[in-house]
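You will see two complexes here that share chain A, one where it goes with chain B and one where it goes with chain C.
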Partner chain A sequence: MYKKIKNNGIIPIAEIPVLEYPAFADEVSHLLDSSACHCVNYYAVPFNNRLQYFCFIANDETNDICILSHQTENSPEVKLESLAKKHFALHIFEREIHENFGIQFDGHPWLKPVRYPFNRADKNQVPDNYPFYRIESEELHEVGVGPIHAGVIEPGHFRFICDGEKVLHLEIHLGYQHRGVEQLFIKKNSTLQRCILAESIAGDSVIGHSMAYAGLMESLSGKQANDRLSIERVVAMELERIAIHIGDTSALSTDVAYQFGQVVNEALRTLVINTTQLWCGNRFGKGLIRPFGTHYPIDAMLADKMLATLKDVGERYLQITDRIYNLTSVLDRFETVGEITRKQAEKIGAVGMAARTTGLKRDIRHSHPFAGYHHIAYEPVLLTTGDVLARGFLRKLEVEQSLDLVNKLLERIKLIDIPSEKPIFDLKLQPSQLGISLTEGWRGEICHSAVTNEQGEIIHYKVKDPSMHNWMALALAVRNQEISDFPICNKSFNLSYCGHDL
Partner chain B sequence: MLSFGLILITSLFFTGIIGRTKSLMAGRKGPDVFQPIKNVLLLLRKGSVFSSTSGLITQLAPTISLATVLTAALLVPFNGQQAVISFSYDFVLFAYLLALGRFFMIIAALDAGSSFQGMGAARESLYSMLLEPAFFMILASFCLITHNSSFAGIFSSLGQMNTEFLLAAVLAIFVFVNIALVENSRLPVDDPKTHLELTMIHEVMVLDLCGFDLGLVQITSFLKFAIFGTLIANCVMPGFIPVIAQIAIYFAIQMLFAIVIGSVESFRARNRLNRNAQYILAVVAISLIAFVLTLFL
Partner chain C sequence: MLFDEIKIFMRHGQQFIPDVTKVELAPLFRGRPEISASITAEEAGVAQQLCPTGAIGTSPASINLGKCVFCKECHFLFPEKIRFTNDYKIATNNPDRLIIKAGDNSPVTLDADLVRKEIKSFFGHALKLRQVSAAGDNACEMELNACGNVNFDMGRWGIEFVASPRHADGLVITGPISENMAQALEICYHSTPNPKLLILVGTDAISGGIFADSPALNRDFLNKYPIDLYVPGNPAHPLTFINGVLELTRGKR
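Our next item is the complex of A and B:
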C-alpha cells in the first residue's frame, strides 16, 4: 500500500501507489499510531488539473521513510476528512495545503493561514484579518506582542490571553517573513543559485539547510559524495550546532540578566564561528556545502588550528556552564518554567532538541543517518523534564558531545588520503522522481523534498524547518506560566521565524 | 543646603559608575562615567512625541515626578547640617513626595493605553506598596533610638551614638540599599538593561516617553539613587570629624555603593517576577527586626 525508502533516497513517482482517500487516511493513521513513527512532510503537488498528495512518515526504529499518496481534483470545492483530528501533528501540513490550494479539511481544529504565499488560494486572507482566538471576559486581558520584535530580530505576532500575570493562552501568528523560497527553488535553474537560496532559508541553520539541499541534489542525480566529503560535512554540521548552542546559552543568561554567563558565552561563540570562517571564509558556513564536492577541503594544518581552538572553547565552556547551572538565582529562573511533557511533544510532533528534552528520542543523525553519520556510533542525549533548564542543559550536553565528535573526525581527516573533489554544478537530475532529504540541524529535523518532471527539471520543491512543529511547543510551554517568563521560554526554544515563513 | 548640592553632584556620576563597574566585570572597557548624564543632555535637546491615545497626564507626569524628587531632596540633611526644609516628622513628607511622583508615573503609564504599560504599572504599584512599611519601620526605629523626630535631628544624633546601635544601623543600611534598588528598578527586582517588555517593571512604564520627557525621567532616577545614597551615608557618618573629611567619606560611600550594585548585578540573575513580592516582604521583615531591636535597647 505504500513504498519505503531510506533518507536521501529517491523513488519514481509512477511507482508510488495512489490510494483512495479513506484508505490513505487509514494507513496514515495506522502508521502514526506507532510511537516510532512521525510525519516528516505532507504536501500536495499540482499535476495538470489534479493534485497528488505525498505523505512521508519516518519510522525511527526501522530507519525507513514510508511514502503514501492520494489524489484529488485541484479545486477549492474538494472536501477531505481532516487527519489532524486524530493526529494533531499533521495540523500544520493540512493548513498549508488548505492555504495553497483551498482544499477543505473537515473537522480540522485550527484551519488558519500559515504564511500568506502570493499564489495562495484565497487572496482575501491577509495578516490584518487573521482570526485570533478570543475570550470575551471582563477579568481577562489580552497582550499583543509584535510583529516588531523588541530586539528587532525577526517579525512575529504573539497574542496572549492573561489572567493577571498568568498566561492562559498564547497564539503565535507568523507569516510576516514570507519570501517565496519554495517558488524560487523552482524558478532558479542554476544549481549554484539554489545552493545560495538554501543557505538563506534560515540564517542560523545555513549548514543544516544547505546540506539537506546538497543531499537531495546528489540523490536525484543518482550518485553519492565521497567519504572524505561526508566526514567534512559532519564537522560542518556539528560546528554549527556548537556555535548556536553556545550563543543560546549566552542569550538565556542575558534574559535572566546574568551578565557573566552572557559575556563569556558570547566570546566563546565568536571563537567557534571564527573557526568556521577560517575554514570557508564565512562565519556561518555560507559557501561551504556544495553538491559532490567542496572548495574548502580540510588539510592537516587547518585541522590542527581548528583542534586547538575547539579544545580551548571546550574547556572554557565547561567552566562557565558549571557556574551557570549551579547558580541558585539562575536555576530559580529556569527550573520548572515552561514545561512541556513527552505526551505533548509527541502529540504536536515536536522534533529536535525540544523533543529530546522531554525524553522523546527524535534525532535524524541517529534514526535516519545522512552524510558521514552512517559511520559514527552516535547516541542522542536525552533529558526528561522538558523545562527551560532542560533545554539549556541539553545544549551544554550536546556541545560537549559535538566537540568530542568534531575532535575525533578532525583527527581522522588528517589521516584520510582520499583526494578532495570540486563541486559539480552541472547536474542531470533523473526524470519523474520524488526525492527526500532529512538532516538534523541544531534545532532539529530539516526536510527538503523535490519532484522532477519528465525532462528532469524540478517542478515542486518543499522545505520544512523544525520550527514548523516546534512553535506549537512554545505556545504550550507558556500556558499557566507567568507572562514575564515568556521571553526565557521563547529563547530556550529559539525558533526560526524565517524558517517557518519561508 | 550642603546635602542638596552633594545629591546633585552624586547624581551626575552614580549611574555611570554602576555601568562602568558592570563593563569592567564583563571584561570590557565600558563607557565614561559621565556617559549617562551626557545621554540625558542629548535627550533634553530633543522634542517629544506623544501617542494619540495619551492625554495631558502623560505630558505632565515626568515633570511632576522630577519636581517631587527634587523637593524630597531638599528634605534630606547632611549629617549634622540642617536640610533646606526641616521640621518634625519631615520623613513622612519625604516618603509621600516620592510616592506622589510614582503615582503620577503610574497613571501616566495607564494613560498611554498600552497593555505592556498597564502591566508595568500594576507591578510598580504592588512593589512600592509592599515596600512602604520598610522605610517607616526603619525611620521609626531611628526616632526611638535618638528621641528625635526629624531627619536632621535623627542623623545629627545618630553620629554621636555608641556602638550599641551598630546592629540597628547595619540593618538600616541593608534596608535602605534594598529600597534604593527597588525604587530605581535594579537587580534583583528589575533589570534596567532588558529589551523584553514583558519582563520590565519601571522601563515598560516609560516606554511611550521620548526626548525631553525621557530625559526628565532619567534625571529623576539619578536623583533617587543619590538621595538614598545620602541616607545611607548619613547612617554611618561619624559626627565628630571636620566637614571636609565628612564630604570625602560621603563620596567614598557613594562610589562604594555604586560599585557594590554594579558587582552584584554582574554575578547573579534577576528574580523570577513572582518571587519579587517575597523578596520585598523579606526586606520589610528585616526592618521589623530592626524596629523590635530598638525597643529593647
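Our next item is the complex of A and C:
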C-alpha cells in the first residue's frame, strides 16, 4: 500500500495511504530486499498534532519513487521496532527521527545524536558529551581529531581507536555546522530568500542543491522549465562536477606528496571555475539557478569561449592524470587502501561515487533523470575495486565523460532558438501536496522535498545531502588501515559537513 | 618519464598572477556595487523589499556589503539605478565603509587610523593565520585555500595558513558561527598568542548573511573581541582577501 511517483513529481498529501506501523515496516522491508531499491529519505514531520513519517524508496529499474507513510503520537513515549535491525541503511534516518522527536527505536544498533539541532527533543544532549564507542584495553589507544582540523576545511570530530598504527574503529561525530536550514526554508517566505538558502547549503554543491530546489518549486507550481533552460542546467551541473573532481585530483596528489600533480590540477580547476565566473559572475555558480528562468543565458559567443577553455582543460587533464595514474609511487599509496565492498555499499545504502566505485549502479542522472538529462542517453561509469584508487580514477573518467557531454550540449545550445526566460519569484504553489526533487550532484544523490498546506504555503521542507548516507562508508573504509592513510581515504570521499548538519 | 613531466610543465607555463592589485576580473563578476544618485526613495524601498538579507537601506539609498549576498537581484530590478562593478577590492577595517551609499562610487579602502600600531611591525613581513570554519558553507573555505594555490600564491608574501592556533598570528573566521561551534572558536581564539589579528571572511561571517536570524547561531564571540578586517563576498574572492590583508599589514600599496 504505497504510492509511486517519478522524480520531480507531486502527489496530494491526502492520497498517500497512512499505514499501521507493522504494515509500513513490512512494505519497506519488502521493497528494500530488492537490490534495485534504496532508501532516499525517511523522516518525520509534525502534522495535525501528530507525527507523520514519510519514507521515499527509489527503484532504479522502474524509475519510480515509492512513498510510504505512517503516523504516531508526537511524544518521546512512543516506541517503534527498529527497521535498521534488518536494513542497516535506515540507521541514520532513525537516529535523526529519534534526535528530533525523541521517538524510541527498539533494537537500533546505536541511537546516537546526528547533528544536535537547536530544536532537538533532548536539550541535555550536547556535543561535549557525545557517547563515543569505547574498547577497554591497555593495548589500544584513542586518537581524537577536531572539530577544528589542520587544514582550511569544515569542522567535525573524528575519534579513532587504534592498535599501534592500525585503525580498528573510527567514529565520526558531526553537528558543528548546524545552521537550522530546514526551519529557515519555512520561516523565509520569499522565493528569492529560499534560492539563496538553497545555494548556501553546501558551497561545493551550489548547483546540485539550488537545482533540486528550483525543480521542486517548478513541479509544485505545476509547470516545467523550458528545454533551453533544462540544457543549460545540465551544463551547470557538469561544470560543477568537473571543477570539484579536478580539485579532488589535486588534493589526492597533495596527500601523497606528489606536488606536480597538485599544482597542475589546481591551475586547471581555476580555469573551470573561472569559466563559471565568466558565465554568471560567481566561481561557484551562486545566482545562476532560479525557478523557471535565468539571468544568465548562454549565447553563441559565450558558448565558444567556454568550449575553447574546456578543450584546453580536457587535454591537459588527460596529460596529467595519465602521469598520476601511471606513477608507481602514487599507485602504491592508492591501491587496495580504504576498500569498500559492493556488499557494504548496498548495506549502508551508499550513493553517488562511493556506490559506483564498488560496481553498484546508482546514479540519478541515469535512473531518475531530471532537467535536460531526460534527453541524454546517459550511462554511468562503474568501477569495482572500491579503494582510494577507484575513487580517484572514477573522477578522471567522470571528468572526461562530463567534458564530452558539456561540449555536445554547448554546440546544441548554439543552434537552439528557444528564447531564454527570466526567473519567476512570484510562485503559486498547489495546495496540500508533497513534492520530491532529486538531483545527482558530484557527490551523489541530493533530495529536496516539501509539503504545502491548503493555502499553498510551504509548511515543511526537507533536505538530504548524499553525505548523510556516505559518512558511514568512510568509517568502514579506514578499518584495519594505517592511520596515516586516513587523509587520502577522507579526501577520496570528500564528504560534506554542512550538507549533513544543515 | 621525466620527459612527460617536462612536457606538461612547458604547456602549463607561468601560472602565478604577477600583480594581484591590477587584475581585471570577468565583466560579470559581482564586486563593489554602485547606486545612482538619481534613485528615488520609492525605488530604494522596492529594492529593499526584494533584498533577501536586508542589505538595502532607503535614506539615503545604500547597500551594506556586510549583509549583501551579491545575488544582484536589485540590479535586475533597477538596471539603470543599481549596478555591480567587477571591483574586487572591497575589504575594509571600518564597518562604516561597508555601507555603499547612492552616488558614492569611490573605492572601498582601509581606514589607516584604525589599524593598530603593532600590526605593521609584527605582521608586515610574514603572517601565519589559523582558519576557523564556524558553520561556513565551504565556499569561502575553498576560496581561502585557493589564495595559496599556484595562481594567487599568497605564500610569496610569507602569508599562509597554519595547522595550530599556537603557531598563528591571527584567526580567520568563515561562516555565521553556529551555537555548536561557538565554544571551539572561543578556545581557538585564546590559544592564539597576543598580539593577534581577527579577520572575518564572507557575508555569513560578517553579518550571518541569509542565516542571520536563525536560532541555531551564537554570535556572541564577535561582540567580545576587536575585529581587524572585514572581507565581504559570497564567497569572498581570493583577490579580495589577499589585497585586504596586504593593505592591513603593509599599508596602501
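Simple rule for what comes next: the second predicted complex is superposed on the first by the 501 of 502 C-alpha atoms of A that agree within 3 Å, B and C clash if a C-alpha of one lies under 4 Å from a C-alpha of the other, contacts with A are read in each partner's own complex, and residues count from 1 in each chain.
Criterion: a contact is a pair of C-beta atoms (placed from the backbone, for glycine too) under 8 Å apart; a residue touches a chain by one contact, two chains touch by 3 or more.
Since this is a predicted model, take the numbers as computed values, not measurements.
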Task: Could you classify chain B and chain C on chain A, in the superposed arrangement, as clash or fit?
output: fit
- prompt: Using C-alpha centres in the superposed arrangement, which angle lies between chain B and chain C as seen from chain A, in steps of 10 degrees?
  reply: 60
Query: So, does A:Pro487 touch the first partner chain B, the second partner chain C, both, or neither?
result: first
Contacts of A:Gln193 with chain B and chain C, given as first, second, both or neither: second
Task: Give one of first, second, both or neither to describe whether A:Phe284 is in contact with chain B, with chain C, with both, or with none.
output: second
Message: Tell me which partner touches more residues of chain A in the superposed arrangement, chain B or chain C.
response: C
- prompt: Just chain B (first), just chain C (second), both, or neither: which does A:Tyr116 touch?
  reply: second
- request: Would you check which partner chain A:Thr341 touches, where first means chain B only, second means chain C only, and both and neither mean what they say?
  value: neither
Message: Contact-wise, after the overlay, does A:Gln183 reach chain B, chain C, both or neither (first, second, both, neither)?
response: second
Query: In the superposed arrangement, which partner chain does A:Val263 touch: chain B (first), chain C (second), both, or neither?
result: both
Query: A:Asn453 contacts which: chain B (first), chain C (second), both, neither?
result: neither
- line: Overlaying both structures gives a minimum C-alpha distance between chain B and chain C, in Å, of 5
Touching both chain B and chain C, residues of chain A: 150-151, 260, 263, 267
Field: Residues on chain B engaged by chain A in the complex (per definition of touch)
entry: 22, 25-28, 115-116, 118-119, 122, 187-188, 191, 193-199, 265-275
Statement: Residue set of chain A touching chain B in the complex reads 141-145, 150-151, 164-165, 253, 255-260, 262-263, 267, 327, 329-330, 332-333, 337, 482-487
Statement: In the complex, chain C touches chain A at residues 4-5, 7-9, 11-12, 15, 25-26, 28-30, 50, 52-53, 69-73, 76, 84, 131-146, 149-151, 161, 163-164, 175-176, 178-181, 183-184, 188, 204, 209-211, 213-217, 234-235, 237
Message: For a test of understanding, state which residues of chain A touch chain C in their complex under the given definition.
response: 116-119, 127-128, 147-148, 150-155, 175-180, 183-184, 187-188, 190, 192-193, 195-197, 200-204, 206, 247, 260, 263-264, 266-267, 270, 274, 277-284, 286-287, 295-296, 316, 319-320, 322-323, 422, 496-498, 501
